[in-house]
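Next up: the structures, one after another.
Shared between the two complexes below is chain A, which has chain B as its partner in the first and chain C in the second.
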Partner chain A sequence: MSAPATFTLDGRAIAFAEGQTILQAAVAAGAYIPHLCFHPDFKPHGSCKVCTVTVGGRHAASCTTRATAGAVVESDTPAINAERRALVQMLFVEGNHFCPSCEKSGDCKLQATAYDLGMVSPHFDHFYPDRPVDASHPELLLDFNRCILCSLCVRASRDVDGKNAFALAWRGIRTRLIVNSRTGKLADTNVTAADKAAHVCPVGVILPKRRGFATPLGRRVFDLKPISAMADASAAVALAEAGEPRRDRQSDGRLP
Partner chain B sequence: MSYGLENAEHPETLRRVAIDPVSRVEGHGKVTILLDEDDKVRQVRLHVVEFRGFERFIQGRPYWEVPVMVQRLCGICPVSHHLAASKAMDAIVGTRRLTPTAEKVRRLMHYGQMLQSHALHFFHLCSPDLLFGFSSDVARRNIVGVAAAHPETARRGVLLRRFGQEVIRVTAGKRIHGTGSIPGGVNKSVTREERDVLLADIYDILAWSRDAVALVKQLHGQDPALYNSFGVFRSSMLSLVSPGGDMDFYDGRLRARDEAGAILFDQVDYRDYHAHIREEVKPWSYMKFPFLAALGTDKGWYKVGPLARVQNCDQIPTPLADAERREFVDYSGGAPIHAPLAYHWARMIEMLHAAETIKDLLHDDDILGDDLVSTGERAREGIGVIEAPRGTLIHHYRVDDNDLVTMCNLIVSTTHNNQAMNEAIRHVAKRYLSGHKLTEGLLNHIEVAIRAFDPCLSCATHALGQMALEVTLVGADGGELDRLARHGDGTTSRPAP
Partner chain C sequence: MNASAPVARKLKVATTSLAGCFGCHMSILDIDERLFTLLEKVEFDRSPITDIKEVGDCDLGIIEGGLCNAENVEVLREFRRRCKVLVALGACAINGGLPAQRNTLSLPLLLQEVYRSEPGAEHGLIPNDPELPLPLNKVHPLHEVVHIDFFIPGCPPSADAIWAVLTGLLAGEERPLGHGLIRFD
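And now, the complex of A and B:
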């Protein structure tokens, strides 16, 4: 049998299977390329552009670009990282990301990516959009302030849960996440806390209610290592969430 | 790649300054003094520009975020807000009783905070005035000056504070803005290693805390006339005490004494605070003036903080601090002490009590436990009260069935002491400023009086360290005669009137 086809990522040979994109192959090989809207379980969406690399010197979104044998892919360069940093800064100012009081802090891919890219300030003017939370669902909170429009929940609800509960509405700068129910409220969908859609959000939008800050500082996913040390941070976050100690151990009374 | 900032080669170099409402909310104090024809002081007012946006900001947020979010309210004692909000949220999640581990870890956090805040308040912010004199050379009147003249005192001040911060780090996860306390309990306990590291230092901390009390006593002894009279006024006092009447910073019931020391009310469930404490609005101040309902607006204002607590309790439940308390009470023959500078003495007694309590808690294996949270039947209203370093702190919330906060009311220590600080600076202005041109030294006399209560009006303005203060002198004709400003960085300037 012939050796598998490879391309080089920053000089390292990465093997790939026919049909894989550059990012899929990199994740499978344990190599890190920054990304936010990509998740190995879903079809790539190609919207955040944080996964941008150069292939033979030309910019391309690595999550949607097919891997080809012998391609020369550059990712971890000062120039590309500066561009990524600017993208992440724009995501920060487009929403309301107040990390110090966000329970996703330390487990958030946006924050971890920003740290890793050396972002020290939001740089651009804040938009301060007005986005009320949707707390109607008994088990889940939607805090739209933090949505980066990655569409992972849309894909998870449609492709895995078969519920089609979320959608990105409008276009361009007005794009926003909506809930697909008559009232627009999550309570009026059949979404449950067990759904895949409830666990894919890379930031702190879709949250289990009443868990809050149950994980102490020092034991959150990105307290332990930077995101660049994890090719597939989504898996690490999911694992941490699954292994989360229940915080409602009862010493008196019923569930809160 | 193209991402909207068309044509700019390096957008990151084209810095635009974003006005961040979080970093912009720095309050400040302002004093106006009115003079008559003979340059006699006729009116003195302290206006604190308090940041009240928080109450609005928190509305519509999920309740479990609140204990972390509220820490932004104070630059010096964020843990007080962390814990007061947690106590309120305990009520929301129906916790009738914390697990022993949760209660003790929270106490440890709070007493660590008391230690670090009192050390900062006394050594860093006040000892320069007390050691060198209120109008001594301003270049030297700071912690660096203290370090040069009294290196051991300064060193201990720094180490006492650092120890308190370590206690906070171990219990809250971080020295500032940790997450350790959550509705119904805590998210971590203390490990054996962490405990042993703290135990290795606690006996030095205890010894230095005793020395700190001795230092304040010595200062009082050197100039009793000044210490007993500077800015003095009489008022009622308010604090929590334990069910047995002991000093307790973390929990208890409300007790108030009148200016002669007689008990006005005792063992009041703090959930009924609004039946006993009302707030008056005055047209000239943004900050409200709380008063004891039973005594009315004119007579009902009161002091909170160390001076109130040390005299309000029947005893301090640790031996060294209680011996110091008895000496303090004896100093005035049993009559209540109202002198603002006695706050420092009381504060150091409290720091000693905090050190003793930390020592006891470190020897208690419950802090190592893993039963962290208890919850019960959900409630829609929660009130948490705690004794913060600068005094009683009240947090009050309502939460709807969807878990969102619908109402938030906070009464912070600075607000409780609003009228008291006004009275103190009136006394000081009358005595030291009448007929004089404003100098930095005179301005500092006003600050010394405020700082006895509150180092930088921090509870209301979220400041850390130096207080931003402006004093304006207004003549009989209404024209501004003089104005002196001290900025947050400690420099003073004379802005054009």
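And now, the complex of A and C:
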């Protein structure tokens, strides 16, 4: 049997299977490339561009670029991280991100990515958009103020739950998340808290009701460990959120 | 060392709270006994700690809170004129924070709701004393109005984060806040 094909990521050899993208292979190998709209369980969407790397010196979104043998991929460089930081800053000012009052704080991939990129300010002027919340559903709250338009809930509801409850409407700067029901309200869909779509949001939009701050700030997934030190951050958050409140959780999300 | 060697001048530091809750200033006090070490190197100018009302020429200005009225903007501009280095301290100074959650509501509606719909000190009238600073249409963070040199996020930032940045600045370096010190909540 021949050795598996590899490419290099910042000098480290990463093995990949035919058809895998650079980011899929990196996540499988436990190597970190910042990403927001990618989730290992779903087909890549390629919209946030936070996973941008250079392949042979050219910029490419690593979640949608096929891995090829011998490719030289650079990711963790000051120049690329500065570009990622600017992208993340734009996401912060386009929405309303008031972390101290957000139930997702500490478990949020946008916030954790910002921490990891050393983002101390949003740099740009804020849009302060007006995005009313949807509290119609008995089990779930939708706070659109924090939506980064990653489409993970759209993909989960369509491809896993078979309900097609969410969609991205409009285009460009006017793009926004909508609910596919006659009233546009979540209560008028057949979405339940058990759906995959209720558990994939990387930020604090789709939240279970009546669980507010069960785990104190400071004891949450990315408070204990930086996102860059996690092989699969999405899995760590899912594990933690499915479990007991993390009053005493260890840094890998497990109870001692 | 001879007797004529210059004594290192203490750095002048001014602090203020604009549209903030003084939580960030509580965090400054939370650096506890390290304040004594700090006071060997700095002296406070205008600050709630000294109760000096006017800001003089300073090396460092530290500002908590965002901008919710005309007086906030005036004080911020004065700090920018007087301080060589300006630090935005805490969530409200950096993104408007809690006060900015009014930004999607119209100001007349807010004033009606607060002063007209409930009986209060102003007997159902919107206060219009000329001494009162006019509220801004929206709450803004500091960097949208003046140049800010350094940011310490957090609600409030921890004493350790404040200490890390201050000791860095006193040593003449910008020290990045690592994991655990950089927090938005």
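Keep in mind that, in the parts below, the second predicted complex is superposed on the first by the 243 of 256 C-alpha atoms of A that agree within 3 Å, B and C clash if a C-alpha of one lies under 4 Å from a C-alpha of the other, contacts with A are read in each partner's own complex, and residues count from 1 in each chain.
FYI, contacts are C-beta pairs under 8 Å (C-beta built on N, C-alpha and C of every residue); 3 or more make two chains touch, one makes a residue touch a chain.
Because the structure is a prediction, the values reported are computed rather than measured.
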| item | value |
| --- | --- |
| Touching partner for A:111 - first (chain B), second (chain C), both, neither | second |
| Partner chain(s) touched by A:101 [first = chain B, second = chain C, both, neither] | both |
| Which superposed partner A:226 touches (first chain B, second chain C, both, neither) | second |
| Contacts of A:122 with chain B and chain C, given as first, second, both or neither | both |
| Per-residue touch tally on chain A - higher for chain B or for chain C | B |
| Partner chain(s) touched by A:83 [first = chain B, second = chain C, both, neither] | first |
| First (chain B), second (chain C), both or neither touched by A:217 | both |
| Partner chain in contact with A:178 - chain B first, chain C second, else both or neither | neither |
| Contacts of A:59 with chain B and chain C, given as first, second, both or neither | first |
| Partner chain(s) touched by A:49 [first = chain B, second = chain C, both, neither] | first |
| Overlap of chain C and chain B interfaces on chain A (superposed complexes) | 98, 100-102, 122-123, 125-126, 217 |
| Chain A-touching residues of chain C, taken from the complex the two chains share | 88, 91, 94-98, 100-101, 103-104, 138, 140-141, 143-144, 148, 150-153, 155, 176-177, 179-180, 182-185 |
| Complex contact set, residues of chain B against chain A | 1, 3-5, 10-12, 15-16, 18, 20, 22, 60-62, 64-65, 67-69, 71-72, 93-97, 99, 172-174, 177-180, 182-184, 187-188, 371-378, 402-404 |
| Complex interface listing, chain A residues touching chain C | 92, 96-102, 105-106, 111, 114-116, 118, 120-123, 125-126, 128-131, 217, 223, 225-226 |
| Complex contact set, residues of chain A against chain B | 49, 52, 59, 82-83, 85-87, 90, 93, 98, 100-103, 122-126, 132-133, 135-136, 141, 143, 209-218, 247-256 |
